[in-house]
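Accompanying notes for the structure given below.
Chain lettering (A, B, C and D) follows the sequence in which the chains are written, and residue indices restart at 1 in each chain.
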Amino acid sequence: MSYAPQPSSDTHDLEQAKTWLRTYQRVRAATEAICAPLHKEDYMVQSMADVSPPKWHIAHVSWFFEAFILKPFQPGYQTLDPAYDHLFNSYYETHGVPFPRAERGAISRPTVDDVYRYRAHVDQAMQALLKNPPQEHLPEILRRLELGLPHEQQHQELLLMDIKHILAQNPLCPAYRVDLAPGLAPTPAREVPPLGWLAYPAGIREIGHDASEGGFAYDNEMGRHRQFVEAFQMADRPVTNGEFLAFMQDDGYATPEHWLADGWATVKAEGWRAPLYWVERDGVWHHYTLGGLVPVDLSAPVCHVSFFEADAYAQWADARLPTEAEWETVAQDVPLTGNFVDQDHLQPIAAAKADGMPGQMFGDVWEWTGSAYRPYPGFRKLPGSLGEYNGKFMSGQMVLRGGCCATPADHIRATYRNFFPPEARWAFSGFRLARDGGA
Amino acid sequence: MSYAPQPSSDTHDLEQAKTWLRTYQRVRAATEAICAPLHKEDYMVQSMADVSPPKWHIAHVSWFFEAFILKPFQPGYQTLDPAYDHLFNSYYETHGVPFPRAERGAISRPTVDDVYRYRAHVDQAMQALLKNPPQEHLPEILRRLELGLPHEQQHQELLLMDIKHILAQNPLCPAYRVDLAPGLAPTPAREVPPLGWLAYPAGIREIGHDASEGGFAYDNEMGRHRQFVEAFQMADRPVTNGEFLAFMQDDGYATPEHWLADGWATVKAEGWRAPLYWVERDGVWHHYTLGGLVPVDLSAPVCHVSFFEADAYAQWADARLPTEAEWETVAQDVPLTGNFVDQDHLQPIAAAKADGMPGQMFGDVWEWTGSAYRPYPGFRKLPGSLGEYNGKFMSGQMVLRGGCCATPADHIRATYRNFFPPEARWAFSGFRLARDGGA
Amino acid sequence: MSYAPQPSSDTHDLEQAKTWLRTYQRVRAATEAICAPLHKEDYMVQSMADVSPPKWHIAHVSWFFEAFILKPFQPGYQTLDPAYDHLFNSYYETHGVPFPRAERGAISRPTVDDVYRYRAHVDQAMQALLKNPPQEHLPEILRRLELGLPHEQQHQELLLMDIKHILAQNPLCPAYRVDLAPGLAPTPAREVPPLGWLAYPAGIREIGHDASEGGFAYDNEMGRHRQFVEAFQMADRPVTNGEFLAFMQDDGYATPEHWLADGWATVKAEGWRAPLYWVERDGVWHHYTLGGLVPVDLSAPVCHVSFFEADAYAQWADARLPTEAEWETVAQDVPLTGNFVDQDHLQPIAAAKADGMPGQMFGDVWEWTGSAYRPYPGFRKLPGSLGEYNGKFMSGQMVLRGGCCATPADHIRATYRNFFPPEARWAFSGFRLARDGGA
Amino acid sequence: MSYAPQPSSDTHDLEQAKTWLRTYQRVRAATEAICAPLHKEDYMVQSMADVSPPKWHIAHVSWFFEAFILKPFQPGYQTLDPAYDHLFNSYYETHGVPFPRAERGAISRPTVDDVYRYRAHVDQAMQALLKNPPQEHLPEILRRLELGLPHEQQHQELLLMDIKHILAQNPLCPAYRVDLAPGLAPTPAREVPPLGWLAYPAGIREIGHDASEGGFAYDNEMGRHRQFVEAFQMADRPVTNGEFLAFMQDDGYATPEHWLADGWATVKAEGWRAPLYWVERDGVWHHYTLGGLVPVDLSAPVCHVSFFEADAYAQWADARLPTEAEWETVAQDVPLTGNFVDQDHLQPIAAAKADGMPGQMFGDVWEWTGSAYRPYPGFRKLPGSLGEYNGKFMSGQMVLRGGCCATPADHIRATYRNFFPPEARWAFSGFRLARDGGA
């Protein structure tokens, strides 16, 4: 199920490097496929500070391989332009001065063609390196490659999030891909099953990545550790658009007692009255999708809601969000399948018939948990600049779990910890309810 | 050790109410004593949005008794001015529209004298109520009184925090009380003991308030529950000014790798280079205290640092902040004594000689933990408007433990959870280090 | 008509200095009389950055005499507190670093009593100086006194403007002086005369202060110079509340074509829909006055409107605002009488019966002109720090003429140039219409 | 000298329309020539709110002809996309809701190709209309065309200003056209002549456009009127980079007494210490030009300074800026030649040898005057939506005169009034000194 063979520190042979090269090529090609429908103009837009122009993504993921693999380990490597090291450094303060995030949209040069040339330049050098790797550095090269590829996959999802946000600003509501539209119309016949609850007893649980079992994981998922989890119940599927609409119709966005104080302040400051991308047309709620503007499918999981909205809904529903330990307790026994980017639907899909099992734990929507994003016991960040990858963001953010319809299937796992600030809505983020107590 | 006899729902007699009345009078008098050194002009200042003018505090704590006890339970109670219900409602959205927080400093009427008249009016009515309580409501009255009194104690500490912030804005550096100054000069002879580490084994721990043992606790401390805590070590005292100065001299405020990303952004935006209230005069670090500007006592615990600074120091020192479960594990076996407001020192004091026990767990400085402020398992907020007391702030804040030199001794307990946003510095906040692993 | 005997450079005798001392005492007493109804709490409020706490005004006008007269010319003068020179310097960058304007409300010490002590200290020193002036400096002392006294008078008007703004923020709508209220109720019997137009032919006009005629004037009014003024007509009275209400009822605040672009942006950003201090109660427009909240007198001149509102009204009425040359052309033949602060009405009054003469040119409301505040030909600012008095504000502001109901009668003259940014509304500002062409 | 034959209301024949069509085609082609060196990515950037993406300019100038000529007067005209009327309306509130200015850079569709298609569509329709104009509307069509063509020329200059600003944000400092660079290097041999002063006597002057003489002018230049101008002297050339550098070296940017209060606040808030686009490299001042980064030519007029900087320099130099009446008095006797966009130098050039005549009155740099942008006597804005063209901006801006090296030669005239806010620097703006008094 993992996207590549695992490097082991004692196998340095060429075969392994070649296998990694094929994976590298596959991941890189997937990024380019996502951008294929874009016009050059689309590549340039930064619709808010959190969004990066697609052109920047394309360059930054290449820079990552250049800065952390090619420059240290490929003798004689020549960069295409020394200025790129500044322009395409995202946030690595220990690597140099990153170009200001909010101004990424102001840089028209290098052009899209230039950036693809840079991409090809890096690919060529990576191919040369992996075909003929310096033996003494191969383990470190592969360790960094093993990080660089999921890094690029994360940017694949970010690209889809950002492209959606970029095109949604446009009053013309242009589709990213018109071919998606037919599949996104609501199917009125399909009815979502009633919400079921699955009970779990109290006990010591183990969560986090078990390094001894192999497989890649980020530093923030390490290491496997014990948590005491009280008895709880977990919903067998995420909350749907139809259910969320009932909250809206019950004045959910106008009733302060459902909301966290910061959430309520955000509702008032931003004028929220529906999830992001929702718009009422002639009395019918539509939402902008990557296939354009379509009526909301009431059976599908609600998406593009913030933690604040998820929490308020849970308060209203007399429930709560699961902790990440509860979520992982449930997820570790569930097969790792779902509606991922590989399905090419790019929008959450209504749950199948209930079968007494937790449904849609993976794919469809990232699920907000009630857990703040903080380090696990014994957390150690990666050495050097790569230590900035995850650890420094462990403040002010909430954990989401399970991946979504824009996540590559081979990128996700039960221990995976995604995180966003509680007000963020441009990820494909939904939620699932939990409640206290046993069966 | 608690500040008053505990109400039990089956004892409604007059004696109990009279005992409570005495406690009420004692707590109310303490608030007024804090304000005694103020000029009317001091009562008016709102030096930042988080600070409230002392006049507002004086009125708001009275409003609390009026709104939640007198109006519902004292038949025929007449308020002094119906407008006060709007002016002095802090944030109870379900009670009415609170007056905008940031504009509290713009309201010159009611005057200070008016507000003390209001205070006396409420006191008189509370006295009448408690001398002759309606039997059927007495349990609920006492339950609310039991919340209203620590509420007022919290505002006593806030008053000292806010008065310090207010006077510190003034280039004249006026002392709140000049009589404090002699006790605040550093005592060069006194040397702080070297930092010791106390080891705790892994295991299931119980934390949170045990309702069955009686005594008051806020809803956010309920209920006693199990957590699995890995083996850890705890420092035997907080970090001192001298130790923090070493961090500063090692370019701590200029080295991004020590900092959380949000912390680093704050350092740059605010130009931080020392704790709040520190100022360099002729090469010597001074700090503003409630007794005026004095040289920093290098032996005393560092104070007025944010979570970000505490976390950066810990990174630099190759340690970390304790979780709140770790902190409470240690604290529950420690006597509840320390440098509280009752000592009337109003500034943290250097640790005594080390004795192999955790020192200064209570009093001196609130200690930042590494735990985000989130609900305990089974958390239930109070019913009605009082449900807004704690629960709605469980987002974007970090937990602090142990009370400080501005906290009433009978207000604190091992289970007490204080909380502030990670950038806040105007509380008397310091920190203690922890690290992984056993002895 | 001027407030004091004129100094002439060759008369240095004691008599003159004594006469000036009496004027000084009269002006200083007037300031204190304005503040007499205030509580100490009122003295502290800074309701917006443009408003200064009354305590600050009281101190600043004293600082002016200290900084520019006592320190340079009174041998052995001792200030009360050296820190005041920083705290009460308004904007004289060449004199030292002024305390930040927006933080004036954060300074509780010196207290109101301290500030009055400072005031008395300055008064005593000024009295000593003027009773026994150093002969060689007397001309310069008197020249500066001649500026310091109108400076204090300007602050008298500012005090009334600021007190009004301060108390108006308070939801209790407290009156500054309840004794004013009876005189402020609208008098339904009184009808305003229909607007008349007075025609003036084209020609070269002379405006500006004629130094050869003596009398005090600010540097910005110097010197008398020629302007060519085309034929124009001037309204015989200011626009009334009733007329302005017709503009409002004709959707004036919702119709962009009446407005300057910056004005329209301000209307939308600030949500303006009526003049400042207007509030609708049960379908009737009231406004906050220094006597409290009263129904709007439709016959009285509209007040507390910005230049943008004045200009939009004029556009709507197919007219325009007069230039300052036109205004002065008309005003220089009109007696210098009107509804000034001396009348103690503190609110504009309805025009008397029309008599074919320009009415209410002086007093009632400052009249916005269509002229930007720029230097006259040959403008020379005062030497030294006093050069900052007027000249540096000649950007981004519009000229107002004629004084208002809060202006001392002996402070105003036909050549007087007041100025405010086009969006300012807290002055007693109204306007009068003009139009092109002859009779 | 004017860019096209003048329409007269009684000549409706086809010949005249055909001549206008040729002018139309010439102006439109000039716009496209300016954009020819751009990449599609450059077309997308909005580097600050005042800057529009070149793509938007290209579309907006076409929209102008569509909205004001084709839709009203071309029967059966079909727009390419109804949404464009919203997207490309700049600020005509009476025409519909303009798309928010600051978000122009967020719209990737229509693409650059789409926008050129729209442009061609409008051109085709304009050609059809002018080849076969409806006789009864021809005068109005030509009147609007006569406005639409200078409108497009203004956007040609804006395009050059905006392209310069866009590319200057880029740390790569890319040249707009590398072929410009050789001509932009300073020529050390060339020395600028010493500043000469030309004296003008006092008297009634006539300024403004004389409608009876024919030729196009904007509404804000109408009509010819008298102003009394005191005796003055005018510098015979603009201030140079070398002279401005002397101001900088004399601490000009650090000395508050030279500056208007708003200017000084801007200096501090923005950290100004040199004109826009200046950057010090190894102790030598360079500036970004449309040919890339080159050393500053000390002999050339200083450019990209704000009114605030021009005024501060004049204060420092014991002079002042001319009023617009003074400027026009001088300019109306000077031949309308200079360094315009037609020279294709795109940067100001050093003055030629002095000849006792006012030099460089036209071209090189727009010259800030000391006059606020306010209406002339008798000003009437155009009827309908076109009335928003100029009049509504007559607040908060200063007048500039004479055109610059990015202005089309046939666009400028002695009466032309350009205007920008006093802090704006991205126009090619410089200044010339004046002073009071005769020879």
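Keep in mind that, in the parts below, a contact is a pair of C-beta atoms (placed from the backbone, for glycine too) under 8 Å apart; a residue touches a chain by one contact, two chains touch by 3 or more.
Source: prediction; values computed, not measured.
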Most distant chain from subunit D, judged by the mean position of its C-alpha atoms: B
Interchain centroid distance [CA atoms averaged], subunit C/subunit D, Å: 38
Separation of mean Cα positions, subunit C and subunit A [Å, integer]: 60
Computed distance of Cα centres, subunit C from subunit B, in Å: 48
Where subunit A touches two or more other chains at once, by residue number: none
Those chain pairs that satisfy the touch definition: A-B, A-D, B-C, C-D
Subunit C contact footprint on subunit B (complex, rising order): 39-45, 47, 55, 81, 83, 86-87, 99, 103, 105-112, 166-167, 169-172, 174
Complex contact set, residues of subunit D against subunit C: 91, 93-94, 202, 204, 225-228, 230, 256-257, 259-264, 307-308, 311, 320, 370-372, 374-375, 377-378, 387-388, 392-396, 422, 436
